[in-house]
Structures are given as C-alpha cells and as structure tokens.
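Chain lettering (A, B, C, D and E) follows the sequence in which the chains are written, and residue indices restart at 1 in each chain.
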Amino acid sequence: GARSADDAKLEQLKQQGFARVAIANEPPYTAVAADGKVSGAAPDVAREIFKRLGVNDIVASISEYGAMIPGLQAGRFDVVTAGLFMKPERCAAVAYSEPVLCDAEAMLVKKGNPKGFKSYEDIAKDSSATVGAPGGGTEEKLALTAGVPRDRVIVVPDGQSGLKMVQDGRIDAYSLPVLSINDLMKKANDPNLEVIAPVQGAPVYCDGAAFKKGDEALRDAYDVELAKMKKSGEFAKIIEPYGFSAKAAMSTTREKLCAAK
Amino acid sequence: MPAPIIKVDAISKSFGAFKVLDGLSMQVMPGEKLALIGPSGSGKTTILRILMTLEKIDGGHIQIDGEQLYHMERNGQLLPADERHLARMRQKIGMVFQLFNLFPHKCVMDNVTLAPMLTKGVARAAAEKRAMELLDMVGLADKAKAMPAQLSGGQKQRVAIARALALSPKIMLFDEVTSALDPELVEEVLNVMRKLAAETDMTMLLVTHEMGFAHDFADRVLFFDRGRIVEEGKPDEIFRHPKQERTQSFLKKIIAAGHRV
Amino acid sequence: MEWDWNFVWEIMPTLIQGVKITILATVLGSVLAAIVGLGIALARRSENRIVARSVGWFAEFIRGTPLLVQLYFIFYVLPDIGILLPPLVAGVIGLGLHYGTYTAEVYRAGIDNVPRGQWEAAKACNLGGRHTWTHIILPQAIPPMIPALANYFIAMFKETPLLSAITVLELMNQAKSVANTYYRYIEPMTLVGAFFLVISLCSVVLLRWLEHRYGRIER
Amino acid sequence: MTQWSGYLGLILQGALVTIELTLMGSVLALIMAFLAGMGRVSRFFIIRALATTYIEFFRGTSIFVQLFWAYFVLPFAGLSLTPLQAGVLALGLNVGAYAAEVVRGAILSVGREQYEACTALNLGRWQGMRHVILPQALLVMLPTFGNNAIELLKATSVVSLISLADLTFQAQVVRSQTGSTLMPFLSVLVIYFALALIISWGIRTLERRMARGLDGVRV
Amino acid sequence: MPAPIIKVDAISKSFGAFKVLDGLSMQVMPGEKLALIGPSGSGKTTILRILMTLEKIDGGHIQIDGEQLYHMERNGQLLPADERHLARMRQKIGMVFQLFNLFPHKCVMDNVTLAPMLTKGVARAAAEKRAMELLDMVGLADKAKAMPAQLSGGQKQRVAIARALALSPKIMLFDEVTSALDPELVEEVLNVMRKLAAETDMTMLLVTHEMGFAHDFADRVLFFDRGRIVEEGKPDEIFRHPKQERTQSFLKKIIAAGHRV
C-alpha cells in the first residue's frame, strides 16, 4: 500500500541519481559559490545524507521562502534544505526531518540602535517603525504575531537588499537568524550598523529537511542517517565551521518543536 | 442573330441605404466593344465589379455565355452560386484596374505567369512562352525581369493588361485604365487597347473619361446616370447628337474642362 | 489541492488593498510616461545634434533593457549617489521612464503621420514654428495617437507586478504574501489572473471606443 | 573585487539561459502568432473564436500570472514542467498572442486591391494568401516582430521570479554573494542592451534583404 | 519700364545626385500672369516650391520685389537668410497646392482666418469680414462653417485659394491646382482663377497641364524641360507655332491624349 509507494520515492531518486532540493540564497544556511556550486550548512548536510542513501548528488534551485512549500507540494522539489524553521503550521504542511540547524533571531539596525528595539513588540509599539523580513519566512510571522501591522512589515527579497535598506534608512530594522545577520555584517563591514542578538522573546528555532506530505518513508530513511551522523560527530564537522552549534540541534526534537506554541 | 454573351437582367445593388444600381438591364454581344460613360458615382465601376464577382448583387440575374453567374441550376432549382461555381465562371472574365494592382513583390514575368500556373496548371515553360508573347504584344518584352516599382505608370498598366490576357478570358473589363497616368503616358496604353480591339474578337467593356478614345474604340456607348442607363447608341449618335438632356449637359461640361471628344 | 471558496473570500480584502496600489501606480506611471514621451520625442527632433543623439541612445537603452532590472537599479543603486526614493515613487519613476520611451515612439509616429503638405501649407501661410506646432501639427497628431497611448498604459498596468520586486505592496505582492502565509498558490494567483483579465477585457472595449472616437481624422 | 571577476562566469551562464529562453520562446511565439493571426481572419467562426480567445486571454492576464500558473498551478493538473519549460511556455504563448495581432494587422494591411486582383485572376483563397498576400504581409510584420522579440528578451527577466537562473537572477545571486550592487546590475543591463541591439540589427538585415526591389510594398 | 518683381538668377538645385534645376534664370514683371508648362519631372513644381521657400537652392540668387530671397545684405555683405528674413519675404508670396492641403481639423472660416490672425495680428472680426469677402468671391460664402472633409475637391481647392489670398500676397503660385479634381469639377476652379486674373493686378505663376486654360489665362508661357526653360513666348506663339522640337513633340503628345489646346 502506501508504504511501498513511499519506498518507491527513494528508489526513483536513486535511479535518477540526484535529488532536487530547494535552497534560499542566505549564507551561512545556504550559499552559492563563485563557481556556481551550492554550499552552506543545510545543503552540505543534505548532500552527505543523500550520498549515504545511495543518491549521488543534489540539484539545487534557489527559491523564495514563500515559494518553497507550495513548490514542494507542486512536486517542484523533493526536499527543502534552506533553514526553513519548524513551526506548528509548517509541520502541518510538510514532513520535517529531525532538527538540523538551530539559531536564534537577530535584528540589524543602525549604529547605537536609535529606536531602542529589543523585541518585535518594541517595533509594534513604535507606530513609525518598519521592519524588513524575507517574505514567508519565520521573522515575518514573528513580527506579525507580535502585533506589527502588515504595512510596517516590509517583505525584502534577499539579505543584501535588507542590509541596503537599513543602510539607506528605508527600514528601521532587518530581521534574520543570528548567523545570517552576522554573515551579512561581515561582508558589509559597515561601522554604522549594529546587530541585536538574540531578539528578546523570540524562541530559538531549528530547521529540518522538509519533505512533501506522503514522502514520510523517505523522511524516515533520512532521519536514520542523520541520527548516525550526529552520533559519529560527522554532523558537527559539517555544520560547525559555518558557525552553527551541533549541540543545540541534538538537544531538541522534531516532536518538541512542532508542538511548541 | 447570335446569343448575347452578357445578359444583365434587372439587377440592383445598394451600399447601405444608398442604391447604386437600380433595376439595371443590358446585353452585350460576343465580340462587341462597349464604352460605359457617365458622371462620377453613376455606377460604372460597380457594374464592372459585379461582373468580375468583386461585389455581390442584391437582386436580379446575370448570364454569362449562357450560364447564370450568381446562381447555379441544380435539379431544376436556382440556388445561390457557391465558390466553385464562381471560380469556374471567373475563367471567362478578366479585368484591368484603374490602379493596375500589380503584385509588387513579383517581377513582371511572374505577375503574368502566376495565375495560369496556379489556376490552370500550365507548366512554367509554357506559361513563360505565352507571357513573352503577351509582353511582346504590349511592347514590354524587355521588361520581363523588372519589378513593378521600376516601371512607369503606363508600363505598369500594360503589364496589367498582359496579365489579364494570360488567362485568355472571353470578356475583358477595363475600368478607367488611363486615368491614373500622366498625360504623356496615356497614349501608350490606349495604343495597346486599340491593337487589342482590332486584333481579337474578345468582348470588351470599357469605363472611361477619355471621350475621344471612347468614340474611336467603341461599337456602342452606354451613358450611365445614377445607376441607370439613360441613353445608349453608336458613338457618333451619343457624342454628336445626344438626345437626353442629362447626356448633353454632361458632355458640355467635359468639353468645357478641356477634353476633346 | 482543491479550490477553496472560503479561502477566496478570506483573502479578498487583502487583494483589494493590492488592487488599489496597482491602479495608483498605473495612473501615476501613465501621466509620467505621457510627459516623458513627449519630451523624448521633441528632444529627438531637436536641431541640436548632440541633444538629439544622446537622448536617442538613452531612450534606446531604456527600451532595450528589462524594467525589472531598471527597478532594482533605481531602488538599490541610486541611494549610493544620494537619491533615496520610497518604493512606490521609485516604481512610478521606473514605469514612467520605461514606458516614456514607448510613448515617445507613438508621439513620433503621430507627428510623422501629419502629411508633409500640412507643414508646407503652414509655411505658405507664413506661420512660425510655434504656431505651426500648436495650431496645425499637434492638433492633428494627438487625437490619432490616443488609442496607441492607451494601449501602452494598459500594458503598463499588466507590468505593475514587477513592483513587488522593490517591496511595493501591489496586487501581486499581496497575493504572494497571502500564498506565503497559507502555503496556497492556486487561489491567489488565479484571482490575480482573473483580475487582470477582467480589467483587460474592459479596456478592450474602452480602446475600441477610443479608436472609434479619435482613431482617424477626416481630410 | 577579486571575487567579482569570478562571478562573471555566473553572469555569463545566466546570459546563456536568457539567450536560450529568448530563442525557444521566439520559435513558440512565431508558431502561435501565425496560427492565431491567420485564425483571426479565417472564414470559420469556430476558428476565429478560438484564436480570439487565445489572444485575449494571454494578452489580458499578466505574464507574471501566466508564469506562476505554469510553474505552480499546472503541476496540480498533472503537468509538471521544468522551470525552463514553464518559462518558454509562458513567454512563447504570451508574446505569441501579441504577435498574432501583428500577423492579422499585416494581412489586413495588404490593400483590398490586391485581394481583388487575386479574384480577378481567379486565384483560390489559399493560393492568393500563399503567393500574393503573405509575401507582402511578411515585410510589414518584420519590424514589429523585431520589437516583439526584444519584448520577449526583456520579459525573460521575470523568470528569475520562478528561480530560473537567467541573467537577472544571477545578478541577484552575485549581488548577495559579493555585497556589490552596482556592478552586477550595470553589467546585466549592458548585456541585455547588447542582445537587444543584435536582435534589431538582425531584423533590419533580414528586412533589407527581403525588401530588395520592392519599393512598391508598404513597409 | 518697371523693375521685375521676381528675378531668378542662375539658380541650381539637386536632389541627391539628380540635378533638377540647372542654372535657371527668369524674370517676371509685376502683374504678369505666367504659365509654366512642360513634361513631368521637368522642375516646374520645384521652381514654385523654391519661390515659396519650401526647398532651399544650391546656388544662384533670387530677388523678390527688389530684395534678396535667400540672402540678406548686412553691412554690404551677402549672408544666408535667417528664419526672420524668410518669414518677412514669405509675406509677399502665396501658394495653392495640387492637393489643397487644407487644415482638416479647422472649419473653412478658420482655415482662411488663421494665418492673418496669427501672423499679422488681425482682429478676429476684421479677419472674418475679409474671409467672407474672399469666400464670396470664390462662391463659397455658404460653406464658411463646413469642415474640409464635407467639401468636394473643387470646393476644397477654392477654399485653398481664398486662404492664400487672405494674406494679400503680391505673388500667387498655383501648382496644378486642378489636376487632382474630377473632370466635372475642374471648371469651377478655373472660373475662380479667371476672375482673379481679370480683377486683380497680382503677379501669378501657374503650373498646369490644362493647355486650353494656360492659353487663355497667361500673358506669357514658359516651356520647361529637364530643369531648363527651353522656350518662352506669348501663348499663341508657343501653342500654335512652337519653335523648338521638344516643345512640338510634347504638345503633339498632349493633344493626342485628348486634351484641347
């Protein structure tokens, strides 16, 4: 029945020799090198696991966060490995693996934090403040939930644009996970900017590889290899150079994250 | 007495609310040369276009060479003609237009051979041989490879005549074939027509404002006014001793305007 | 995934917000394009060769490159030289400039379509340059080009989704944000399509009328 | 800045995708243009209605909507296209609808007298179309086809929105990897313009070649 | 003997490589009525257009009413005329075109009053009064409010004549003013011109193919061929006893084509 259909998915991937993954363009989670090669912590982990599963390679397409889950449902990708944090609604829409990358939220603001933001609620309270976030990303939802009205949450296409908009004063804060913001700051090397991390009241989130509902067998196979790698320390070897903590990922579970309110 | 080759019986034709032809009847004998004259808008062009099936009639009947033009007899019933019937009838008729209407993208030779090759399946060699004879007849044998744009108006019109003759129609229609030409070029076209009239027994209908030529050329002259034939007769009768007042006043104006009769 | 009418009603107010911005951007963009186009058309006819040439090349460049990239450029690069425009303003300028190069061609054709005899008659009547333009040429040139201008404004309307790339919350952006929130693309995208189709079909009627009203001039 | 030269490769890869899209899209557009354009002047109501529906639908809904539909909604109907296929399909059908009107206009622009000459020479409908009308209409279409091709080239930039790694998309990638905004955008603008110049040069050459000895045909 | 009002001195004019006028000289006396005849392409239109400043000359000089047309004398030096000088000179000259060139978006009255009001600052009332006199003279007083599209060709041409007269030029140029008209409409225009010739002492230059009219109208006839004046003289001399062979053959062709001389 369903079970054998699920096995068929892995068989199919093995046969074609690659898995299609959706990534964002947000170092250090995902990155594209000068030669066009896909790297970043999330795809590197996925590449290694798929190799162990007998799928030799991954083929990545860069996508907006908002387009990832619909794309997965439409069968455009086999899996999303992009730092798509686990949250109850998302857990309902896709089948997550066990946690891979964990990070807290951060904000990029002008030097000295002129508006004194510490949390998303602070932004909601200041009726002139605007915050930028990727469309369909966790930060957008957090800001909206904190009570920032829709028209003050600016959907920014990518990190570089967000950075630029803060520099230009178009938005007062730009929110991404801590490591992403740090990466941006490093590249920009702009003394007039400042990072607030972590954002108060925002939980630490973890992402996982997201599969289509119905591909649970593939997901389970993925989980088995992931667990082995976590145990052997290979997992840490891959993600820690990017700045992520392996311990954080190993100290929580999908069950907890998906249940969290 | 032979049967008339054209028998027009009480035809009428309107454009919108405007009645151009109003119960017009006329007969033309095989080999007859007919001149149609009359004031602007009197319907001369319209009757030629109807004979060429470029306009449909609203009522009445036309017989060409003993066959209905716009109707087909099927099982004793008179039905409206279909495209096949019209195509067969059109083989009997050729027309030369005021503005030549040559095909500008084809050389003179191709203009003349196109229709025989396509509609009668004549082989290229035979079509070109016949075309050369015709071009020779109109004095343009040396222009066979020229494009229409390289010809003078008079030359264009002579090509148009050759093109119409290439299908060997029994009836030729000429609509003001010289009125778009420079005065100096008129004569060369009229010469071709004189030759044609003298050498063939084709039936010819000619609409013209060149009263002098009409006089020399025609066996019979029809004077049109407001969609009716007001007067008809031998050229000498019409031009020297018109009976109808309308004819007299028309001719007087034409003469005053500097045309020779 | 099935079509869900409840979801449609739920997202309608959000989409209508987007529609308003879309229409605003189109109207402002059209006005700007009409002005820019006339400017370019006249500059290209300028006696001053250098002005005519450089405006000509500039217009060709704008016309030959994608509006999307131009919008990125206006929005993200211009601040480096101190020009910081709000998203909607940047979008309207992008649309106006881009479509101005099209309307310039319409103006040019309209002016060229005034027969040479009219210029000559004006000269024979000893009218000066300014009088010839204002009394003879433009009154004959402009009415026939109204349909063509309207055509470009409708085309511009259909390109407003590009503004979502520079964070303007127009229809497409609202639809995407809805899709992001609910992970459903079918309804919002179909609604956006339906919306554009309805406006376009209405504009076909408007165009026919404009053509009928202004399309030809009797001589 | 040393990084930057490395990323040039990415941009050139993007240019390749853009060229590929433009070529394949143009072929599809050309086929659709002739099918629908001649369909519009057909004697048969059904064919006319089909052609009109196609044209109005694709001209009426924005290219973005069509693209998102082809990419995100069609898979639910069981038709899963690669981004490249979706891009070619949406662009080709969209531009084809505009070009169909060009075909129709060009056919109608051939004077009535040419049709009448065909009748007077007893050519059949298709014979007249094939030997007399189309050859003349082609010359009228050509310049506008050139413009359509440039429109298509520019429209390829929107495929970056469905993550197809074309020129514009690669510019975005390079931008976020290098942190430089001006260079990637400026260089892709120049590449687009160069491509547009090549297209218009090609069309002009073709036109000159076809127009040889044809001063009589309206162009 | 009075001074000539037009003095053309060895002018030449080329279009590209093609020399249309080649060292042409001629003089016209005040009040003289001149007919310019000759084959197509011989430069008749071109010389009128040059006098109206619609074409520039390549070499030579033209004096109108004692003043240089294309040159200005400044401090004893002859400089090319500027636009202001040309505008002043144009006041002396009016022109009527073959295709009327009425302003299609203005009614008949506005066509006639526009130029006097704009260029001479005549008040509307005065301009309209004068326009009515002129329209009356050409027999169109009742058409003052009509639009050009509502007029016949002959009526349009009479309006064009009135429009040119409204500026009271000393010299009027007429370029084949009847050749675009239906034969029946020619006479009404020629009648107006006859009246004009009889009633005013304006200098008039007329290009025409209506040899009969040229004969009655002109004081002197110039025969053009290939950009030169081949023969000139009184109408009777030229038409009855042409000296040059070229003139003879031209007139013979014209007569053969059915025109009365």
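Quick note on the criterion: a residue touches a chain if its C-beta (ideal position, glycine included) is under 8 Å from a C-beta of that chain, and two chains touch if they have at least 3 such contacts.
A quick note: this is a predicted structure, and the numbers were derived from the prediction, not measured.
K.L.:
By label order, what chains touch chain B and chain C together?
P.N.:
Per touch definition, common to chain B and chain C: D, E.
K.L.:
Moving step by step between touching chains, how few steps can get you from chain C to chain E?
P.N.:
Shortest path length, in steps: 1.
K.L.:
Taking each chain's centre as the mean of its C-alpha atoms, which one ends up farthest from the centre of chain C?
P.N.:
Computed centres place B farthest from chain C.
K.L.:
Relative to chain D, which chain's C-alpha centre is the most remote?
P.N.:
Between chain D and the rest, the longest centre separation is with E.
K.L.:
Nearest whole angstrom, what separates the Cα centre of chain A from the Cα centre of chain C?
P.N.:
39
K.L.:
What whole-number Å value describes the gap between the mean CA coordinates of chain C and chain D?
P.N.:
Those two chain centres are 20 Å apart.
K.L.:
Between chain A and chain D, tell me the centre distance in angstrom, where each centre is the average of that chain's C-alpha atoms.
P.N.:
That pair's centroid distance is 38 Å.
K.L.:
Residues of chain C that touch two or more other chains: which are they?
P.N.:
As it turns out, chain C has residues touching two or more other chains at 1, 76, 165, 185.
K.L.:
Could you pull out the residues of chain D that touch at least 2 other chains?
P.N.:
Those would be 72-73, 76, 181.
K.L.:
Of all the residues in chain A, which ones touch at least 2 other chains?
P.N.:
Within chain A, residues 64, 67, 70, 74, 157, 164 contact more than one other chain.
K.L.:
Please list each pair of chains that are touching.
P.N.:
Result of the pairwise touch check is A-C, A-D, B-D, B-E, C-D, C-E.
K.L.:
Taking the touch rule as given, give the residues of chain A at its contact with chain D in the complex, in rising order.
P.N.:
Chain A reaches chain D through residues 25-27, 31-36, 61-64, 67, 70-71, 74-76, 157-160, 163-164, 187-188.
K.L.:
Considering the complex alone, what residue numbers of chain D touch chain B?
P.N.:
113-114, 116-117, 119-125, 127, 131-132, 135-136, 139, 213-217
K.L.:
Contact residues on chain C for chain E in the complex?
P.N.:
Touching chain E from chain C are residues 115, 117-118, 120-121, 123-129, 131, 135-136, 139-140, 217-219.
K.L.:
Over in the complex, which chain B residues touch chain D? Could you list them?
P.N.:
Those residues of chain B that touch chain D are 49, 52-54, 83, 87, 90-91, 93-95, 97, 99, 101-105, 107, 114-115, 118-119, 147-150, 163-164, 167.
K.L.:
For the complex, give me every residue of chain D touching chain A.
P.N.:
Interface residues on chain D, with respect to chain A: 3, 6-7, 9-10, 13, 71-73, 75-76, 80, 83, 162-163, 165, 169, 172-173, 175-179, 181.
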